[in-house]
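What follows is a set of notes on a single structure, which appears directly below.
We just call them A, B, C and D in the order they show up, numbering each chain from 1.
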Amino acid sequence: MSIKVRYFASLKEQLGRDEDNLEAVREYTVSQVWTEVNPGQAMPDNVLIAVNMAYVDQAAVVKDGDEVAFFPPVTGGER
Amino acid sequence: MKVSVIDHLFDPWQVVADYQQGLTALKGKYGATCLFVGTMRDFNEDDSVKGMYLEHYPDMTEKQLLACLQQAADKWSVLDALLLHRVGDIYPDEPIVAVAIWSSHRGDAFDACRFVMEQLKSNAPFWKKELLTSGESRWVEKNTNGYAKKS
Amino acid sequence: MKVSVIDHLFDPWQVVADYQQGLTALKGKYGATCLFVGTMRDFNEDDSVKGMYLEHYPDMTEKQLLACLQQAADKWSVLDALLLHRVGDIYPDEPIVAVAIWSSHRGDAFDACRFVMEQLKSNAPFWKKELLTSGESRWVEKNTNGYAKKS
Amino acid sequence: MSIKVRYFASLKEQLGRDEDNLEAVREYTVSQVWTEVNPGQAMPDNVLIAVNMAYVDQAAVVKDGDEVAFFPPVTGGER
């Protein structure tokens, strides 16, 4: 198993990829997951984070088999 | 309660009328229906827009939309609710979102419908990328407050 | 802006869809439509109701309904508005009133639509007489506040 | 000419008629119109009044040719 990391919208374009897979050798916080797959790159200030499709903050714990998603503020609805 | 993520043009009036037709157990019980339809405008922040692409996070989208309806039903007396949202390529004058709430009385329908729209705009994982008539495209960074400047 | 007093069953979804179809000059301009539909319930204040008669004051009705829309347009950025109201004999599950507001942004549509309903209920000269299943009939003395008790 | 006085809904049923005509020999206030056509009968507390289809209060002046309407609180909209 592993941790699946997904990116959406402008963040996906900035990173140039839509997902990473992190071999889960231990438990991680969300911010540790980010650092593992984006070394040397700061997490954007206004990023939203979901683990298994539920919103969490950076301190949330991520386990083997989880799906972590990072994305910019959402903009659905009318316009 | 039902949510639906739609990747093609739809007629919100017809879909809501059909859905209501199916609410046979609620006939005579609801006195109020509030329907909000969000439609694509051909301008935004003074730029002409010729289309947009609406990205989303499959499965999380449906989960969050259902949560919006559930939260509304927890706060107000809601008899039924329907939420439809487009994804993919959308052109001006096409519907993007429709939220319908059925309740006994008007206040519950209005408040719940408004609440669902606000929740959706801050929680449902959709992202709009606008294609300007100039040929440029840009991600919409944030939502507006929902009001036009009153002249 | 249009108001209409109707003495027969109507399909609010279809009428609003048709009216919107005619708003050709506004295509791409409105981003928000709020439609409220009021429907006849088969119970009121714990009594079963089998029908009602809706009396009105011809001409004053239209004048007051138009004033409701005009006041809303004075307060919010409204692009167009439609108000339909039944009179005469009405039976459970039939629509009584429909108010639709078109605006650029959602806040204006929601607030204006809600405002029109509240204005209408306190100013438009309509009077409901309920026919109970017991055979009695009674005039409705006052409007409810618009909310169901939340259990 | 004359002043046309109209009644609606429960008030119409209570009075047993839907209109009166008042020969306008002078100007009247709304409350004088009521007393002329309903002598000895108090105007209901919660009555609404319209002159020429615009809401007015009891002190409003009514002239020859005007239409005055008395009716109970209105109850349109959903139910």
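Going forward, contacts are C-beta pairs under 8 Å (C-beta built on N, C-alpha and C of every residue); 3 or more make two chains touch, one makes a residue touch a chain.
Computed from a predicted structure; not experimentally measured.
A.B. asks: In terms of C-beta pairs in contact, which of A-B and B-D ranks higher?
C.D. replies: It is A-B, judged by the count of C-beta pairs in contact.
A.B. asks: Determine the centre-to-centre distance between subunit C and subunit D, using the mean Cα coordinates as centres, and give it in whole Å.
C.D. replies: Distance between chain centres: 26 Å.
A.B. asks: Indicate the whole-number Å distance between the mean C-alpha point of subunit B and the mean C-alpha point of subunit D.
C.D. replies: The mean C-alpha positions of subunit B and subunit D differ by 47 Å.
A.B. asks: In whole angstrom, how far does the Cα centroid of subunit A sit from the Cα centroid of subunit D?
C.D. replies: A distance of 71 Å separates the two centres.
A.B. asks: Specify, in ascending order, the residues of subunit D that touch 2 or more different other chains.
C.D. replies: 77-79
A.B. asks: If a residue has to touch 2 or more other chains to count, which residues of subunit C qualify?
C.D. replies: 31-32, 37-41, 105-106, 117, 144
A.B. asks: What are all the touching pairs of chains?
C.D. replies: Final set of chain pairs in contact is A-B, A-C, B-C, B-D, C-D.
A.B. asks: Using the touch rule from the top, collect the residues of subunit C that touch subunit A in their complex.
C.D. replies: 31-32, 105-106
A.B. asks: Along subunit A, where are the residues that touch subunit B in the complex?
C.D. replies: Spelled out, the residues of subunit A in touch with subunit B are 6, 8-10, 48, 50, 53-55, 69, 71-79.
A.B. asks: Which positions of subunit C touch subunit B when the two form their complex?
C.D. replies: 11, 13-14, 16-17, 20, 27-43, 75-77, 92-93, 103-110, 113-114, 117, 144-151
A.B. asks: Taking the touch rule as given, give the residues of subunit C at its contact with subunit D in the complex, in rising order.
C.D. replies: Going through subunit C, the ones touching subunit D are 37-41, 44, 52, 54-57, 59-60, 63-64, 85, 96-97, 117, 120-129, 139-144.
A.B. asks: Subunit C touches which residues of subunit A in the complex?
C.D. replies: Residues 77-79 of subunit A touch subunit C in their complex.
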